[in-house]
């Protein structure tokens, strides 16, 4: 059962990703991107990381995707659909991308991954929170600083002069 | 349960697709989307490893959240830059943004 | 020991630092606010420091396992390096002294820097303010001393050498900044060292010691794999250090413990201004007097001693090893050597500076002969009375300046003009008869001086110094004993000289005649004096040995128990010495005798026949006694000049010669000859040029151009191309990694 | 008797046991999920059919009219009439519209309205899926609505639609922040993000315990549903009908349904988070009462919203965004901090809750005071007459 769901979801995600790269209209590819995000979120749920899944939806779909769409709309009319969407090196890129993929797969199959599947603790979310303000408090604070900096920087950059 | 390698396969594929997008599209926003895909692949990888190897502790998810944070910041700044560039040069075609050229 | 105190451990060092940050970033505009911040912070950390200190005195077994608060910080390979603070009886003692003295000196500085006085009209930044005006940079001053307080407190509380080193360097930095606090000051005669240069000198000189010490730390880390006290001083690692040896060129196999001990001791030599790195301390007197009291008498210079006390297990790892001998030799020698110099100084602060050096020498000598407890005792007592003496001298100087100010205004001359230039308010020859003028200062100074001279029974200095002498005597260290006795005699002598010249006799200048300690600011300055005087006298009574006749049965000698608990852990001699008459007699003799001789020699200094001479020109009684030697002493054995010849000048000359060599012996000839040859060649081969070279040149040009065109296509300036290159490289390498056989 | 006491749950149980008699397990769960899905989908439709009528009645009364009174007694069938009208209308798709997106948008937006119901407990143990991150789920679904709006605005290839979409998303984004903050406050107090737990925790309804939070959330909710006074996304006077100008017929109907569905859902969420959900006198004895209390409370909240709509003028968009960023966010932040601080204090829960009330009221008072000063200054600077 899980295998079926997984296969369906991953096919959905991957095809959506391909469409993101391939589609001609930016807006469309943004929508495909959203679909890919959703697929990944569902994969998270399959991995029993519900919290992460919904955070993922909230941030990627609710914030980043919308941001991207805004950007697309604000820079509308730059891309006239009949000029090529790929640059001249796209064949090379695809070739070597495929090569990289093959390499990764080979590594993946070679290495005996240390799998030990245990049940996710019932109070996973509490543990997560505890980690954030406990073991990882400094990275957490740094991340928040980073966010603030990014916010200010974005405003400064994008402000009309 | 699904074997771990399946997840790794998917993430690897997703990563490479994002890479191709980031390296081959001409529009800056499309490039950004490719990068987002790559980040997602990484996230999925983290969570998969967390679930299959260290489910007892939450470190994997912690790092996933950090990745998400960074992605958010990156998207905000990147798009701001794109908008600014668009105002400046009326284009967001990456090929024409070659000021790095000496 | 209530475990809740653990959570307070980080407070004493951190608060002054916060004050520093707050002042530097925000509060510096308002002088009052800055001072308030600094004093408030140090007050709180003083209270908490005493809380911890007394708790540590009462606690049992704190010496075995100190109270620690720490956090993994630095990943050092396999292990983590934990940073944190620890509290054991020794730290407790230092915590009793350091924040308290800091607080008193902060309060003193309020008066000394003239907080609340009007801003001088023509006071410029980086110059001492005109008398009766507030220093323009006073906020900065308080920021610096707060940072220094952080450094010192942190240093005594650190639980590992890395953290200790950090605070150690913070102290060094503050010392540099504060010595050079009046960076704009300059003197008419070029030989007199300016504050800026003095700060630089201090910094560089100590830096020599620090570097060597760092080498010691590194060796230690290589040997033990940790720098945390708890691990270094564990019997196992001490054993390891004592047994494993390194093969030194001349000395043959030497135990690591000895090497490391000596290397670390060099750090102490630098910081505590021991011979041969003592030269910076006298010049450090260019700094404001509170700084001299705080950094160069009470705390920082004694940090070197504290370092040795702290790492004493390391020093004693090898039984009767050369390390201890080295320490004792340096210490004893410095004690005597500096005392002799102090005899001939006329600058009131210089005398104290040299006496500080010699007293520190006492402590090192004590450590060298294994008198762990005595050294610690003397360290604390010395901090109290030497701080007192410096503050007193500062008050005297201030009074002199005021007096000079008044007289100058009486003459109708701007006191900020040339007169301050040639009149030196620090020169004892200009003083005299200040006892009546500034009684509070005089009394306290007198007490401090007696304590320094080791006036019997009542003063603290007597007990601590006596214990050192007794230790030296009982443990059969005859040479050290006699050297120290002589040093003590000289100490008493120059103390008497200083007191007499400053306070007794008749005023030798109008300034001295008009000196006073009235006015609001003097209260800020005199109250700390009184408090310190109290400790300079009573402080010693906690260390009265129980074996002492008569007094012994009243004393429980708590000090000995506190430090003894430390000593027992590491197995130093910690039982009380049997009473022996010889050292007692000796110290009674030298202190009283010295004081008496000094008084005898100087009782009517300057008041005799050559009264006509200007005060600075009158001969010193010692000049008659030791003729040729006197100037030698006065110029402190010409060490500055010596070092100048030995190190400074050669360096300059070397660099100059390198430059000359490069410029005149290499480049010019080459250029000329090349020119000539080129001329001939060109003459000879114009035709060759025209026919061959041009072609070749053009050919080269075209080839280059071709290559250039070929290569420049690589740099497109497009991110994606670069990334593509990265991708190609990555996948190729990956392929290689996968396909090639391992 | 017992069967009646917990009627709905027992019905569900017996139904499940009955079908599991002749169906394999996965099929049983499948069937049950299907039924739940149907209920969820029906929810917005139901809401629309009832609430339109109610709204028109209420607004009518407020505006001193009678409201619909022709079709059926008191015009209760007005909604059905409208529905029929909508169904028979022609379905126009503008030329060079992005067709698939254009068609997808209304479905998504209605789906968003329906999905909200998945985590809302109608009674004890009566939630379709009581996720342990239910609160987060609600927020996440909200983002789906935004996407749908953008899709609609973009695909219909119409300036006004695009601007409307922009406005709508800007509004939703900016009001999501205070909304999330206030929800976070509730989650903090409850110590769980499960909707069921939130209801269970409300011995005293949180509207009393966390007044500031409630106010903030209510305003944010009104903004989220895009109702007056925050109904700029369809400000007829400025941008005809907002992002769904181009829609007509059934597709427009979907938007319409979504709107009322959202209204209903938001009211349900407010009820769950602040009014104690299905709690009420005698529920512990007779759980079957729960749903009725729940519905009653929802209707009360809906009525409140209609009242607000009927009585307040529309604000300008800058005022609206300003309100979100300059008032609601600080207020909710302050409140959140206060709650977190109090929860750290070693006090009995009751005392803590009292402190919550005090702090919340204080925050509200301060905010209103500042607003008043700002308003007066504004009036003075503009030289308006102060009424």
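Note that the chains take the letters A, B, C and D in the order they are written out, and that residue 1 is the start of every chain.
One rule holds in what follows: contacts are C-beta pairs under 8 Å (C-beta built on N, C-alpha and C of every residue); 3 or more make two chains touch, one makes a residue touch a chain.
Since this is a predicted model, take the numbers as computed values, not measurements.
Relative to chain C, the most remote chain by averaged C-alpha coordinates is D. Between chain B and chain D the centroid-to-centroid distance comes to 33 Å (mean Cα coordinates, whole Å).
Rounded to whole angstrom, the centroid-to-centroid distance between chain C and chain D, based on C-alpha atoms, equals 70 Å. Inter-chain spacing, taken between the CA centroids of chain B and chain C, is 55 Å.
Centres computed as Cα averages put chain A at a distance of 6 Å from chain B.
With touch defined as above, residues shared between interfaces to two or more other chains in chain B number as follows: 19, 23-24, 94-95.
Looking at chain C, one finds that residues 718, 720, 724, 727 touch two or more other chains.
Among all residues of chain D, none touch two or more other chains.
Chain pairs that touch one another: A-B, A-C, A-D, B-C. Listing the residues of chain A that touch chain B in their complex gives 2-3, 6, 10, 13-14, 17-18, 20-21, 26, 29-30, 33, 36-37, 40, 43-44, 46-49, 51-52, 55-56, 59-60, 63-64, 67-68, 70-72, 74-75, 78-79, 84-87, 89-90, 93-94, 97-98, 100-101, 104-105, 108-109, 113-121, 124, 127-128, 131-132, 135-136, 139, 143, 146-147, 149-151, 153-155, 157-158, 160.
Residues of chain A that touch chain D in their complex: 1, 25, 27-28, 31, 34, 50-51, 54-55, 57-58, 61-63, 65-66, 69-70, 73, 125. Looking at the complex, you find that chain C touches chain A at residues 718, 720-721, 724, 727-728, 730-731, 734-735, 738. Chain contact summary for the complex, chain B toward chain C: residues 19, 22-24, 31, 94-95, 97-102.
Contact residues on chain A toward chain C in their complex (touch as defined above): 87, 89, 92-93, 96-97, 99-100, 103-104, 106-107.
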